[in-house]
Amino acid sequence: MLPELAFDKLGADLLLAMCEGHGNVGPIVISKGEKMAKVRTDVPYQLVTILTNIYPFIGQKKLALLCRRCDEKALAELEKRGLVDEKRVLRIGLACSADQIKACRCSDPVPSVVHIGAPGKPAGEDELMNKLLAMPSEERLKFWTAQFRKCNKCFACTLNCPVCFCDDCVLEERTFVAEKGIPPGMSFHLIRTFHLSDKCVECGECERSCPAGIPLLTLRKMAAKDMKALYGFVSGDKKKVSPLLTTLEGEPMEDECHEC
Amino acid sequence: MTEFEPTILAFCCNWCSYAGADLAGVSRLQMPPNVHIVRVMCSASVKPEYAIKAISQGIDGVLVLGCHIGDCHYMTGNHRTAKRFPVVQKLLEDVGIDKTRLRLDWVSAAEGEKFQKVVTEFVEDVKRLGPNPLKEVRF
Amino acid sequence: MNVEHVLTTCPYCGTGCNFYLQVVDGRLVGVVPCKTDEISLGKLCIKGYNAHAFVQHPDRLIHPMVRQGGDMRRVSWEEALDKLASEIKRIRDKYGPDSIAVLASAKCTNEENYLFQKLARAVIGTNNVDHCARLCHASTVAGLLYSFGSGAMTNTIPEFDNADCILVTGSNTLEAHPIIGSRMLRALEKGAKIITVDPRDTPLSRLAAIKLNQKSGSDIAWINGMIKVIIDEGLVDGEFVETRTTDFAKLKEAVSGYHLDKVESITGIPKDRLAEAARVFAKSKRAMVAYAMGITQHSNGTDIVKALANLSMVTGHLGKESNGLNPLRGQCNVQGSCDAGGLPNLYPGYQRVDDEQTRAKFEQAWGQRLPPKPGLTLTCAVKDALVGKLKAMIIFGENIMLSDPDITHVEQALKELELVAVVDIFPTETSSFAHIILPAACYAEKDGTFTNTDRSVRLLRKALAPPGEAWPDWKIACELAKRLGANGFDFASPAQVMDEMAKVTPIYGGIDHSRLDSEHLRWPCPTKDHKGTSILHTQKFTKGLGTFAPVHHKPPAEEPSEEYPFILTTGRNLFQYHTGTMTRRSPKLEREAPEPYVEINTGDAKRLGIVDGERVMVSSRRGAISLKAAVTDRIIPGSIFIPFHYAEAPANRLTNAALDPVSNIPELKVCAAKVQKA
Amino acid sequence: MARTGVFICHCGHNIASIVAVEEVVKFARTLPGVVVADHNLYSCSEEGLSAIKTSIKQNNLDRVVVAACTPRTHEPLFRKICEEAGINKYLFEFVNIREHCSWIHAKEPGPATEKAKRLVAMGVSKAALLEPQAETESSVTPTAVVIGGGLAGLTAAASLVAQDIDTHLVEQEGEIGGHLSRVSVLAPEFDESRKLLDSLMSGLAGSEKAHIHLRSKLKDVHGFVGNFEVTIDEHGKELKIPAGAILVATGAQEFQPVGEYGFGELQGTITQLDLEKMLSEGKAPNRTVFIQCVGSRQPGREYCSRICCNTSLKNALRILDLNPKAAVTIIHRDIMSYGTAWEELYRRASERGVRFLRYALANPTKVTRKDGSLLVEVYDETLAERINVEADVVVLATPMVSRENSGDVSKMLKVPRDKYGFFLEAHVKLRPVEFATDGVFICGSARWPSSAKEVMCQALAAAAKAAIPIKRGKVIIEAITAWADPDKCAACGNCVTACPYEAVEIATQDGKQIAKVNDAQCKGCGACVAACPNDAMQQRGFTTRQLGAMIDSLVKNALEAEQ
């Protein structure tokens, strides 16, 4: 049973999970001793996002949460930026079901430690991504502009993102997102993709929560592919510094001219 | 129908590429008048957001020019530039915008000719691509 | 420490999305969408995501206040309520009960609105109870009562997913009802054809298969035009018309004059595009109509609604899944506040006050003699106040000083009144005229129910305590009623209020809070074992046979002139909500749309030498405001648009209070205006 | 709304002959916030400047835009004028329509004029968002640290001490002098290096201002101009020296051509320094062959070491002085004996029978041992034939290369090096003995292989520059530094990682973690700005809103004009 695992085995003060209630399934936080209805792992709430909302308030308490592989990676990205303290966030490894893996087109579904569920096989490459990359660029542009035209600027993609840590998002500013009102156009989505390029863990919550049904996960996967190709970078590894912040020291320099 | 004249935005770092552009001027090296320079202290301060913003708004091409690797006035600034912009180029490709619209290059304060070459080439490249398709897109 | 995720209902548009409020030790920290919610499917709009932002704002009203000379004095609840009660008594004794009007609220719960109208009818003794539904869908209620016998969405929000064709008119759905809009986008992905008819380019129209821009106020013309095409080309659903409706002949006769050339000249819609739209709509297997203020807020709004009803019946797009006529209600509980009887002519559940038996039933239930004649509508109440016929207004959570037409007159009216009592969560333009201000709890601070636009009765669950001394409106209503010597107001909880309401309201007969806690119920839900009703009029219309209404195009009350060459239309934008009391105190929303603006067509702007972002003066026969010009191609030449959220440039200084004779809805969507460089 | 004045410079014909200045002025008048636009024949001339000044006063302008030449040379001048006219100098914006427009579009007056308009518009849009800045001051520790006790370090130290400045000389060897003490005479004048060394030493030895640290290594450097803390390891024990300025005079070292021409294997193949030693002992071989450019001007080490040719000429003549019958051959790729005195040396060498043979990289010279003496086989480019020369000694003239520990020094001081490991000055012409890092200076062969004379010039220049902040007692920090908006900052630390100067840290401010920038340490590169994900980091004078406005302006004036 989850509470026992969290409180007795892991020694947590709080437990974050999702369970049934009011004819729905939603997030819940309980402390030791408190009751909890039936846990439901089949509804993919982004618990790390929910955690980051309440994290500033939990003080020195230890919080255990149901942790899918993507949550684990998200936590790693937050930890290496000093935004959460790994000692205060305890992981209850949750291996996603085959259906979930399929729905997320997840290539990396198994957490380092599995407490709940059976490890599943990774899904294959993102079909839409391959289809798009195979297109001539004009087609691709048509596709994305048509998708972005549906954007209603609800910020669900940033608000529900486990690795979007800014309270005040630059996409709310006119400075870079020139388009007034809605839809916010190309810059909105490109800037967001760039910002995520060195931290997105491909949990797919942006796509799941997008009211316009824009295939945002595919866009993220494209960026991830790029980062891999360019720098062999894969997010979610606590030790890996973002290549966008490392220097080229030790890497070969081009031939130079100095006399000015 | 007159020939397409691209509008190009350039970011030049104060110490090398901007000085290189000055030298090109002093040396009266002729080049097409499509490029508009924004002076920054270091190419490392050029936010990719600027390039994305400009291209999203229909600017036909964006040039980012810094000191040569190893020559950065701020030691490792341009290293970061060199890391960042290839990513932006890839992302542009991913959404179907030709990455040649964004060019990163190194021009030292002594390289008036190189500045001329880069500008001339880039204007040619962008002319070959034609107008930024996003100019036509209405969201 | 205590962290709670409280499932409740969004306080903004009528979609009625459920979400979780994140509460940490009494502090509201965020909103988490509810992924299993049948309405929202775990998606929210930017307003929903910011629904927590205003709740703990420092501007909240936290003490009762009473006017003393120029300024307001903080007083105890005792003093405030006693004062209010004695004032009401004084005025009632002096001028009679009909000199008092109670404004119910579309932002309050069903339970509260039930109490407001009971207070007015059974305690004060007047049917003068109305609310802002008057300004949005009064014409829908009137029109659809005539055509179908029931004035609500015939279908449900999820059904938009599976429509083959969606005709959206007078609704900027993606901005005003974003999550219903997202349903339409789902349909779009599945290949549905979207037809939009709107004087403006909306985010949705940019995705539409057929996009038509009509001149404001020409709706009956294009609708009749479409019907004529459908009849002429034999696209009528004969069987449906035959078995389910009456007066088809009258309709046929009425539309016969609407040749497409004539229609084009009236509406500006190219005739073949209109014909195409008619065919697509008629031929689709599953076709839904969605409409909103663009249809209703006209001096002939009721007729326009009837015209749309005609269109739906002619094509048989009614009474089946993903087939229907769907007024999109604009506020969290505007459906419910009508259901609960917040209307001068109707008791809860749309039972007529001028019907002997009904009245008898309610007199029996409430143990009081009840006034027989329908009361004043909101818009007439304002007019009566101006001429001194009305003396007192008790206003629950409405801001008529911004939301009502021609606010210069509203202002005079409020000044004329001997008693203005305002119950609200924030100080408003209206409360500045109040003699008594009572602080209320907001949606997050009370239990109750909202009924959303598709008749789903949705629970509000109290997430935190009201600030300061604020009380929930239901408690305020009860305490006031008791001080006026009434019985039947001893409720311990909104649940008990709902139980009483259910007893006297057949369509709510089977509804109670314990069921709602785990069931998704839509009225009509007559009995405890009834599962609720998704689709209306499946076998027969509420009134039996659907009635075709022969209606004709009539120019708007005010047309463009030499001096006022533009047609001004008003509405919402995505980021603000109504008079902005809540959204303008939500930083992220305010930041997206911080200031008033007037949309003007690029060509018109050029002609007037106006550049984007420049300050301009917009004026009508009733007033003038100064605001920024937003030069855009997204509005047709000759028309201008101003959102009505902004007190610093209130669109309703300009709007025309010309009323629809049947429903008394004002013509907020059309008036003549001029634009000048400021 | 800003009150902007725009002044377009004709620069005589330089701009006006291509760009239709009046047209640009007319256009400028239409730009938002512009209350006055005018043009001057020469904005930088007396009347030009006073015209601007009066206009600022008359129209009470709060922003000034000058469209003329390049800010790199003229910005200070116009900023000064703004200050004199009573507005903050950071409210000035420079637009370059000469170097970046008229001069490079000489054949396209029309397009050049249009471009000038757009550039001016961009400048105006930025200017509108400029904010007044206050330059911060910080105190200066009246002490200098000179790293390296060779000719450069000594000269600089002596000069500083002579200026009555406490000076710490840090030398890693056991004795002062560096190469100077390994060379007996200095060309072209052939005076004894000993004398020079003594005179410099006497300048130091006498003074209590001079502190010499032998067998000492630089361990760590913290702080910023005026307030450095230099940690050295003085044979074993650590010493912390507070300093206002730091001079880098670490010099260079002779390249050891191991394996080339049998160096290290064949007895008799030596380097210049070996030869210097021989000569100082009065030994002069009978048959000497110099091979030039050994290990330089070739792939991997392309540069010319500049001093080797002259050294060979000097030593050739010294051999002949000691041993008039000696045979001397110099095998070279080109003789670089620049300047009158050196060229004279070359002439004398050839007169006294020194043989010059020219070889090419393509046909390398071979050195072998053949019965008792060295055989040098060279393919002479001039005669186009193979020539064999017998020798007792083969001197390999190798280049000076950077010190192998220059990397550590560069890291500690946060100053850049080129790809050969030599240090890079701030600007070759404008700031030749300074680093970009304020308060750190460079002289001698650490920058580039230099002759004694060049070394001394640089050393004196560096000492003079270093004395400025110390004598002034305070440093002014240009207000182009970065700052973090506490409301936006999410404390992700990107800026901390991005900053090359450790100027940013994550600190707690009223309970919230946010980035803090140390103004004195910030060099205004803006790396943190680009690294910041949510626009919290801003650089004074280059805020994202200012640059964003420039882009918007270009879009407006270029693209919307199109349609």
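What to note about this one:
Here the chain labels run A, B, C and D in written order, and each chain numbers its own residues starting at 1.
Keep this in mind: a residue touches a chain if its C-beta (ideal position, glycine included) is under 8 Å from a C-beta of that chain, and two chains touch if they have at least 3 such contacts.
Keep in mind it's a predicted model, so treat the numbers as computed, not measured.
Of all chains displayed, A has the C-alpha centre closest to the centre of the whole protein C-alpha set. The chain pair with the larger count of C-beta pairs in contact, out of A-C and A-D, is A-C. Centre-to-centre spacing of chain A and chain C amounts to 38 Å, using the average Cα coordinate of each chain. Rounded to a whole number, the gap between the C-alpha centres of chain B and chain C is 53 angstrom. One finds 46 Å separating the Cα centroids of chain A and chain D. Chain centres here are Cα means. That of chain A falls 32 Å from that of chain B. Residue positions of chain C touching 2 or more other chains: 206. Contacts with at least two other chains are made by residues 418-419, 424, 427-428, 498, 531, 544, 548, 552, 555 of chain D.
Each of residues 149, 170, 175-176, 178, 183, 244-245, 253, 256, 258-260 in chain A touches at least two other chains. The residues of chain C lying in touch with chain A in their complex are 1-5, 7, 18, 20, 22, 24-25, 27, 29-30, 32-37, 42-46, 48-49, 174-175, 178-179, 181-182, 185-186, 189, 203, 206-207, 459, 517-520, 573-574, 588, 591-593, 630. For chain A in complex with chain C, the touching residues are 14, 21-29, 31, 43-45, 50, 53-54, 57-59, 61, 149-150, 152-156, 159-160, 172, 180-183, 208-213. Considering their complex, residues 70-72, 96, 98-101, 103-108, 111-112, 114-115, 118-119, 122, 414-419, 424, 426-428, 436, 480, 498, 500-501, 523-527, 529-531, 539, 542, 544, 547-548, 550-552, 554-555, 558-559 of chain D touch chain B. Within the complex, the chain D residues that touch chain A are 418-419, 424, 427-429, 487-488, 490-494, 497-498, 506, 513, 531, 533-536, 544-545, 548, 552, 555. Residue ranges on chain B touching chain A, taken from their complex, read 19, 47-50, 52-53, 55-57, 68-71, 76, 79-80, 82-84, 86-88, 90-98, 106, 108-111, 133-134, 137, 139.
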